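We call the chains A, B, C and D, going by the order they appear; numbering starts again at 1 in every chain.
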Amino acid sequence: MGLRTPEQFLEGLRDGREVYYRGERVNSVPDHEELGVAARHAAIDFHLADDPKYRGMATRQQGTDLYSTYYHVPENAGDLQARSKLIETATALGATLVILVKEIGTDALFALQRVLARNKETEGLQRVRAFYRACREKDLALAVAQTDPKGDRSKRPCEQTDPDLYLRVVEKRSNGIVVRGAKVHTSCAPYVDEVIVLPSRSMAQGDEAWSVAFAVPVATPGLRLYASDFLHGADPFTRPISSRHKMIETLTVFDNVFVPWERVFFQGRQDLASAAALTFVEFHRFTAVSYKLPLLDALVGAAIAVARANGIERAGHVRDKLTWLGGYAETVRGLVELAAQRCGTEEGIAFPHVFTTNLAKWTFAREFHKALETVQDLAGGLLATGPSGADWESAEVRPVLDKYLVGAWPADRRMAILNLVGELTTRLYGGYQAVLAIHAEGSVEAEKLAMLRAYDPSRALGLAMRLAGLETS
Amino acid sequence: MGLRTPEQFLEGLRDGREVYYRGERVNSVPDHEELGVAARHAAIDFHLADDPKYRGMATRQQGTDLYSTYYHVPENAGDLQARSKLIETATALGATLVILVKEIGTDALFALQRVLARNKETEGLQRVRAFYRACREKDLALAVAQTDPKGDRSKRPCEQTDPDLYLRVVEKRSNGIVVRGAKVHTSCAPYVDEVIVLPSRSMAQGDEAWSVAFAVPVATPGLRLYASDFLHGADPFTRPISSRHKMIETLTVFDNVFVPWERVFFQGRQDLASAAALTFVEFHRFTAVSYKLPLLDALVGAAIAVARANGIERAGHVRDKLTWLGGYAETVRGLVELAAQRCGTEEGIAFPHVFTTNLAKWTFAREFHKALETVQDLAGGLLATGPSGADWESAEVRPVLDKYLVGAWPADRRMAILNLVGELTTRLYGGYQAVLAIHAEGSVEAEKLAMLRAYDPSRALGLAMRLAGLETS
Amino acid sequence: MGLRTPEQFLEGLRDGREVYYRGERVNSVPDHEELGVAARHAAIDFHLADDPKYRGMATRQQGTDLYSTYYHVPENAGDLQARSKLIETATALGATLVILVKEIGTDALFALQRVLARNKETEGLQRVRAFYRACREKDLALAVAQTDPKGDRSKRPCEQTDPDLYLRVVEKRSNGIVVRGAKVHTSCAPYVDEVIVLPSRSMAQGDEAWSVAFAVPVATPGLRLYASDFLHGADPFTRPISSRHKMIETLTVFDNVFVPWERVFFQGRQDLASAAALTFVEFHRFTAVSYKLPLLDALVGAAIAVARANGIERAGHVRDKLTWLGGYAETVRGLVELAAQRCGTEEGIAFPHVFTTNLAKWTFAREFHKALETVQDLAGGLLATGPSGADWESAEVRPVLDKYLVGAWPADRRMAILNLVGELTTRLYGGYQAVLAIHAEGSVEAEKLAMLRAYDPSRALGLAMRLAGLETS
Amino acid sequence: MGLRTPEQFLEGLRDGREVYYRGERVNSVPDHEELGVAARHAAIDFHLADDPKYRGMATRQQGTDLYSTYYHVPENAGDLQARSKLIETATALGATLVILVKEIGTDALFALQRVLARNKETEGLQRVRAFYRACREKDLALAVAQTDPKGDRSKRPCEQTDPDLYLRVVEKRSNGIVVRGAKVHTSCAPYVDEVIVLPSRSMAQGDEAWSVAFAVPVATPGLRLYASDFLHGADPFTRPISSRHKMIETLTVFDNVFVPWERVFFQGRQDLASAAALTFVEFHRFTAVSYKLPLLDALVGAAIAVARANGIERAGHVRDKLTWLGGYAETVRGLVELAAQRCGTEEGIAFPHVFTTNLAKWTFAREFHKALETVQDLAGGLLATGPSGADWESAEVRPVLDKYLVGAWPADRRMAILNLVGELTTRLYGGYQAVLAIHAEGSVEAEKLAMLRAYDPSRALGLAMRLAGLETS
C-alpha cells in the first residue's frame, strides 16, 4: 500500500461501476471521451504527490507511513494553512478547477470524527476511524453525497409524499442496512473509489430513517450514477480550460443498496444527523474558499492582461475596475488566511474559524457576478463575436484574423487572452463557476445564516450598551 | 414590389455572397445548418407583416404604399412608441432575441437624414433618401457595419500603423470610391440584403479618408463575412431558446470594395463622420432598450416560475429577490416609455430623448449581471448539474429523473423552467446576452459619457445656487 | 370665506392649542422662536396662492369657488401631474423642505372618500365630504396623525399590555365618541388647523376599538402636542436651509378627547381601517416622491457647484460621480412622472399607479445615502472642519479665511456652497432627510411589500412559461 | 521627566497659545467650555498610562525609561498589533472618538526616520531622532499639520497665484528658516504640545520652497489656530457621545513663523517631500483603520440593541441587515489584523502591509454610509422626531414619554439606545464620522490609488498568462 500513481488511480476506476452519460451506460470511465478528461483532471492529485516539486506539500510522513496531506488530520492553524495551500496549488494546476477527490471526503471524515467523539459514540467513532485509516492507507479517492433531492422544500423528510426524496434506511439486517433514495450534485462520483453519504439538513423527531451516514465503494450493486454533461464539448481554442479540465456531478441513485454495519457511521439518530450536516460544512466551506483563490487570481490576472492586450490599461475607469477586482480577490484571500489562524480545536481536531470562513465564502459569492461583469467589460464585444477554433485553423481565414484582430498585442496573443476571459466569464465554464459560487458548499443564504449564528455579539453589544449608559442585559 | 414573404426574404439570400463559418465558405446561408437557424429567426420580421394578428402593428399604409413599420420615419412620440412596441413584440416572438434586420438599418437611415439635412448637405441627403425609398419599397433587410477593429485604442485612425484598422477610402474614381478595411461585431450581415457602413467614432483633422458612410449589397465583390459561431450547437432540451433562435455577428472585411457614388452618403468629412456616429446611437440605443424588455420579462417570469417550481415562493429572501427583479425590469421599461414621450424633433424626424434613452440603457446594463445572479440563486444548483437532453430522451434514465427531480412541480415542468433559466443565465445564450448588455450599442462607459453630455444642469444647479445665496454664473 | 392670506393663517394658530417644546408649554406658536420658523415655512403655501407668479398653479376656480389646488380632487393624470408639480414647486421654494400643511390632509381625504364610497358607507362618506368641503372653503391647514406608538411590534392593538399604545375609542356617547392614545411622527401638527386621525395598520377581529378615523381641531381639549426639537438651532452661515425653514413633528396625545359624530368617518370597522391605511399611502407616497424631487435637484446641483468651486470638475472620477448622481435623480423624477400618467380611477377619483409610485419611492430611498456620500466625497473635509458663522463675521478671522479657503472660486462663494452641502448631507438637516428617506411615508420594507403586492406578473410569467414550452397555470 | 499625569498635560496647554473659536481668542484651552471637553478627551491618553488596568498596554519600559507605547518604534508584527490594540482600546474608552494626540505624531516621526535613513540624510535623521527622543522623554502630545489649503487643485504649489496656498519657506537665516502659509484639517492642534509639519503631496522641480518638514511648539509666535466648531453643543440626552467627547480641527496659520535649524527635518528637497508624504500615510492609515474599529463595533452593537429594543430582532429582513453589518465590521477588523501580520521592515522599523492597510481603509470607507443607513433603518423614525433632553427632564412631559415610547424595552432604555443611534448616524457626530470616513487620512480615491500601486500582479498575471498558453512578458 501507500501512495498510488496516477495510473493506479485510473486503473482502479475500471471496476464495473454503473455510470450513465448522455443517456448511455459508460463502459469505462477513464477511457470515455468526456469522463476521461475529468478522471485525468482528478489524477492531478496523484501527480502532485509524485512530483518532486510538490511532494513536500502534497504528502506527509508519520513514522513509516507516507500518505497524502489531504488525509492529515489538522491539529493546529499551521495544518489548516498547509491544507488550504495544497488545495489552492492543486486547483491552480487544475486551471482554476478544483480537484476535490480527497478534499471533500476528508472534510467529511474529520467532521464525523468530531461529531461522534463529541457525543461519545464509541462504536461509530471506531468505524469512522477504521474507514479513515483504510482510505488513507490505500490512498483512495472519495466523493461525498450530501444534498438530497428534497422534493417539496417546505416539508421535512418524513412528510414528503415520496419518502425516497431524502435518502433513507429501508431495512435493517443483522449484517447491515439497506438504503434507498438519491443524492444530487455529487461531485466527482464517477471517478472516485468511495462515496461517503451524509445527511443534508437538520432532522427532527420522525426523521429517524433519514438520519444516516455511511460509505460504500462506487461499484456497489444498486448504486447508479447519472452524470451531468454541463461542460460537454471541447474546442481548445475557445475553451482553453474546460477542453482539458472537467469536473462531473451526478444524480446518485441508491436503489436498495446494502451497507454492512462496519461502514455505517450512524443511523436513526436525528441529533447526530443535524450535527454532522453542520460540522461537515465547517470544514467544507474552508475547502471551498481555498479552491476559489486561483479562480479569483485568474480573473484578476486575465483582467490585467486583457486591458494590456486592448491597450486601455491607463484609462481612469480601467484602473478603477482593476483596483476593485484586486481588492475583492485579496479580501477573500485575506479572510481565508485568517480563518485558518483563528481556528478552534475539538477532540484534537483543528477546525477553521466558523464566522471567518463563512465571511470569506459570502464575500466571494456576493461579488462574483460583479467580477465576471468587470472582466467582460474590460475585454470587449469580441467575447461574443470572435472567431472559432476552426476559423483560427483555416489557412484562408487566419491571415484576415491576424490582420484585423490586433490590439496593443498581436492578434494571436490577444485572442489567447480573450478566449481565456470568454471561457472564465461568458461560456459554459463561466456559467458553471457562477452557479457554483452561489450554490456549492451551501448557498449564500446558508452562509448568512451561519454567520449570524457564529457571530459573537458581546464586544460590540457591550460597547453600545456602555455608550448608551445601559447595563448589558 | 411591396412587402415580401418570409420565403422571398430567404430566397433573396441565395445570391453568392461570401460568408465563412467555422473556417469554411458557406454555400447557401438559408440552407446552412446554423446560419439557416439565424436566417429563419430573421424571417420572423416578414412573418409578422404577414400575420393578421400583427399586421396592423408591423405595417404602415401611406397612400397606396404598404410598407414595414420599421421604415416609417418617426414624426412624434406616438411613432417612436409604436416602433418600440413593434421591436419589443418581435423580440418576444423571437424568444428574447432581437430580430434586428430592419431596426438597426432604419436607425442609421434616420440618423443620416438628420445629419445631412442639419448640415445642408443636399446631394448626400438626396442619396440617402433615394436609398431609403428603395429599401422600403423592396422591403429589404439591412445590417449596419459600424465598429472598426481599432487596433491601438490610444491612436486615431490616421495614426494607426496599419491604416486599414479603420475602414477607409483608398481610391476615388469618377463613378465611385474604393474602400478597404473591416468592421467587427456586424450583426445579421450574413442574412440581410444590404450593409450600411457608418464611422464608429469622432474624427479629426487628418482622418478624412476614414470619414465615410455608404451602403452596398452583401453580395458585392470584395465583401467577405467571417461569422462568429458563439451560439453554435443545438440541444433543444437544455437550450430551448438558442437551439431555435440565433443571431450571428461577423468580422466584415472590405477588400477593395467599389461603391458607386449614388451609394456614398458622405466621404472626406470628419465633421459629418463625428455627427453620424453620435446621431446613429441616439436612435440605436432606443432600439436597444426596446429589445431588452422581453429579456427582462423572461428573467422576471422565469424567476417567479422557478421559485414556484421549487416551492420556495413564500420565503422572505425569495420575495425580496423577486421584488428587486421586478423593480429593476420595470424601471427600465418605464424609462423606455419616457424616452419616447420626451422625444425631440429635427428636420421633421422625431428622436428619443437622449438622456432618458441612455439612462434606460445604463440602468439595464449596470444591474444585468445582478439579475442573472438573482435568477440563478432562485433556481438552484441543478442549473450546472442537471441532466442532458439525451438523458431526458432515454427510456432507462427518464423514470429516474421523473422520480427524483420533482419539486413543487412535477419533474418535467420543473426541468423545463430550470432549463429556461439555465439558457438565460448560465449557458452560452446567457453569456451572449451578458456581453451584449455591456458592449452592444455602446459600452456602459459610452452611455455614461452620453448621459453627462446630455444632462441639462440648469434646474438643479439653479436651485443649489439659489439655496447657497449665489448667482448662477 | 375663500383663500386665506399668510397672516390669516398664522393668526388662526393663536387659539390656545396645547403645544410643548423642550419641556415647556408654548404660548403662541407663530410667535415662538423655533416653532414660528416652522409656521412661517408652512405659510409659504398661502404665499403661493397670493403670488401672481404661482397663483395659476396654486389655485383652482370651480364656478364661483376659488380654492387651493391641493383641495382639487384629481380626476385624471393631468390633475395628478399638476398636484405633483405644485408640491415640487412649493418644496423648492421651501428650500427642499416640504410644506405639507395641505398635501397630506388631502391625501387622507381623497383616500377616505374612495374607501367609504367603495364600501357604500353612505353616512361616513357624507361626513368626509362635508368635512372636505368645509376645509376647502375655509382654506384650512391639515395634519394627519397616523402612526401609533405600537409598543410591542409583534402584537396587534388588542393584544398590547397597555391598550393605549394604539389610539382607540374608549367611550361612545349619543353625540360622539371619546378617544384615547397617541400618535407619533405627526408632521406640522403645531401649526395646522385640523388633525385628521387614521389607523396605521391592518386590523383584525378584536381590534374594533382601534379601528377609527376622525378629525378634530388642534385646539381641542385633551389634545396635547409634544414637539420634537430635532432641527433646533439657527446659525444661518452653516445652516442656510434649516435656520430659515423647519418642519416639526409631534408626539400627539389624545387624552380622552371628545369627537362629535359628524367628525367621525368610521369606527368599529377593522375592514375599513385596513383599507384606509392602504389607500392613504397610495396618495401619500406620491406626495412623498413629488416633494423629494427638489431635494434630489439640490444634491445634484450642489455636487456640480462644489466640484466647480473646488476646481475638480474635469477629473474622471468626478465626472463618473456626477453622472451617477444625475442618473439617480432623473430616474426618480421619471418614475414620478410615469406614476401620474399611469393613474387609475376609483369612484371618480384618480390615483397614482401603485407599483410605479412605490418603485419611485424605493428607488429614492435605497440610494439616498449613497447620494449623500457622493456629494460629501466631492466637497471635501472642510465639511467637518470649516469655520463657524462667528468666525465668518469676525473682522479678525475673516481675512484669514478669505485668503486660505479659496479654491477655483473665491472663499465666500466656495464656503457658501460648502455650507449648503454640509447642511444637506452632514449636519442635522442631512440627518433629518436621511431618516425621512428610510422611514417617512412608509419604510423601505413597506414599499417593497407594496411593490410585490402591486406587481402584475402576467406578461413576464406568460412569456417565461411560453419560452419553457409550458402552459401558464 | 517621564510619563505625565492628565493634569500635567492639561496644565501644559496654558501657555499663551493663539487659538480662536467662534471668532474669539481663547484664553485658556483647558478652561474653555468646548475646547476643554476636547482637551479632557485627549487626556484619556494620559489616564490610560496611569490606570493599572491599562498601564501594561499603554506604557513600555526600556532600561530605566518608562514611556508611552505610542512612542515605541515598531520592530515587528507584534509591535504593530500592540499599537493597533492600544489605539482601539483608547478609542473605545473615548466613546468611538480617537484620541490622536500621540498616534499621528509618532506616525510622522516613524515615517521621517525611514525616509531620511533611506536617503542617507544623516543630519536630518539626527534632528528627527533628537526631536523624537525629546518628545518621548517629556511625554509630549503632538499634532501633524499636513494638508495644505491647495487653492487651484489643478496647479502645483509653485504655480498658484498666491504662493502661500501651500506652506513654504520664505526666508533662510543662519539660525533657522521662516515659514509662511497654512494647513487645514489639523486635528487636535489646540491641545497638543508640538505641531509637526509635513508636505501634503508629491512635489516637482520648482516646488523646492514648499518642500519642507519641521516641528514647532504650539505656542510659537506667528502660529495661529482657527478651530472649527463642528461638534459644538452639548445636550447629553440626545448627544451621549459628543457632549462628553470632542475632537477639534483647525485652520493652522503660519504667519512668518521662525523655526530653528535643529527642528527642520528637511527643506528644499522635493524628492524627500514626496517620499515623506507617502511614507507617512503608510503608518497613518494603519492608525486610521485601528481607530475605526470601535466605531464599527458601536454601530453593530447599537443595531443589535435597537432591534431588541424595538422587538424586531427575529424578522427576516432584520436578521439579514444585522448579518451584513457584522460581516462588514468583521471584514475591516480582519484586514487590520492582517495588515500588521504582513508587515515589512525598513531601517529596523516595521510598517504595516501597504496594500492590506489600504484595502482595510477602502473597505471601511466605501460601505460606511450603507452602515449608517442600515442602523437608521433598524432604529425607526423616532431618530428624527423624538423628544429633547428638556422634555425628558420635564416632570410634566416625562410620564407621557414613559407611557408612549415603550417598545420591547421600557421607554428609558429604548430612548437611551435610540439616542445613541441618533448620535452615531443622524446628528452632528454621525455627519462628522461620515466625512472622516471619506476624507480623513486620505480620500477614498487616494486609497484606491495606493492599492493599485501596491498591488503585486505577479501571481495573478502569471496564472492567467499560463492558462492562456502565453509567456508572462
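The working rule: contacts are C-beta pairs under 8 Å (C-beta built on N, C-alpha and C of every residue); 3 or more make two chains touch, one makes a residue touch a chain.
Bear in mind the structure is a predicted one, so any value in this text is a computation, not a measurement.
**Q** More contacting C-beta pairs: C-D or A-C?
**A** Comparing A-C with C-D, the pair joined by more C-beta contacts is C-D.
**Q** Sharing over half of the contact pairs with B-C by residue number is what counts; pick that pair out of A-B, A-D or B-D.
**A** The pair repeating the interface of B-C is A-D.
**Q** With centres defined as the mean C-alpha position, give me the chain A-chain C separation in Å.
**A** Measuring from centre to centre gives 52 Å for this pair.
**Q** Centre to centre, by mean C-alpha position, how many angstrom separate chain A and chain D?
**A** Chain centres of chain A and chain D, defined by C-alpha means, are spaced 43 Å apart.
**Q** Averaging over Cα atoms per chain, report the distance between chain C and chain D in Å.
**A** Averaging C-alpha atoms per chain gives centres 39 Å apart.
**Q** Residues touching two or more other chains, restricted to chain D: which are they?
**A** Answer for chain D, listing residues that touch two or more other chains: 317, 320.
**Q** Across the complex, what residues on chain B touch chain D?
**A** 316-317, 320
**Q** Help me check something: in the complex, which residues belonging to chain B touch chain A?
**A** Residue list for chain B touching chain A: 20, 22-24, 147, 149-154, 162, 164-165, 182, 184-185, 224, 226, 228-230, 232-233, 249-251, 253, 310-312, 314, 317, 368-370, 372-373, 376-377, 380-388, 390-394, 396-397, 400-401, 403-408, 422, 425-428, 430-432, 434-436, 438-440, 443-445.
**Q** Considering only the defined contacts, which chain A positions touch chain D in the complex?
**A** It is residues 92, 95-96, 240-241, 294, 296-298, 300-302, 304-305, 319-320, 322-323, 326-327, 329-331, 334-335, 337-338, 355-356, 359, 362-363, 413, 416-417, 419-420, 448, 451-452, 455, 457, 459-465, 467-470 of chain A that touch chain D.
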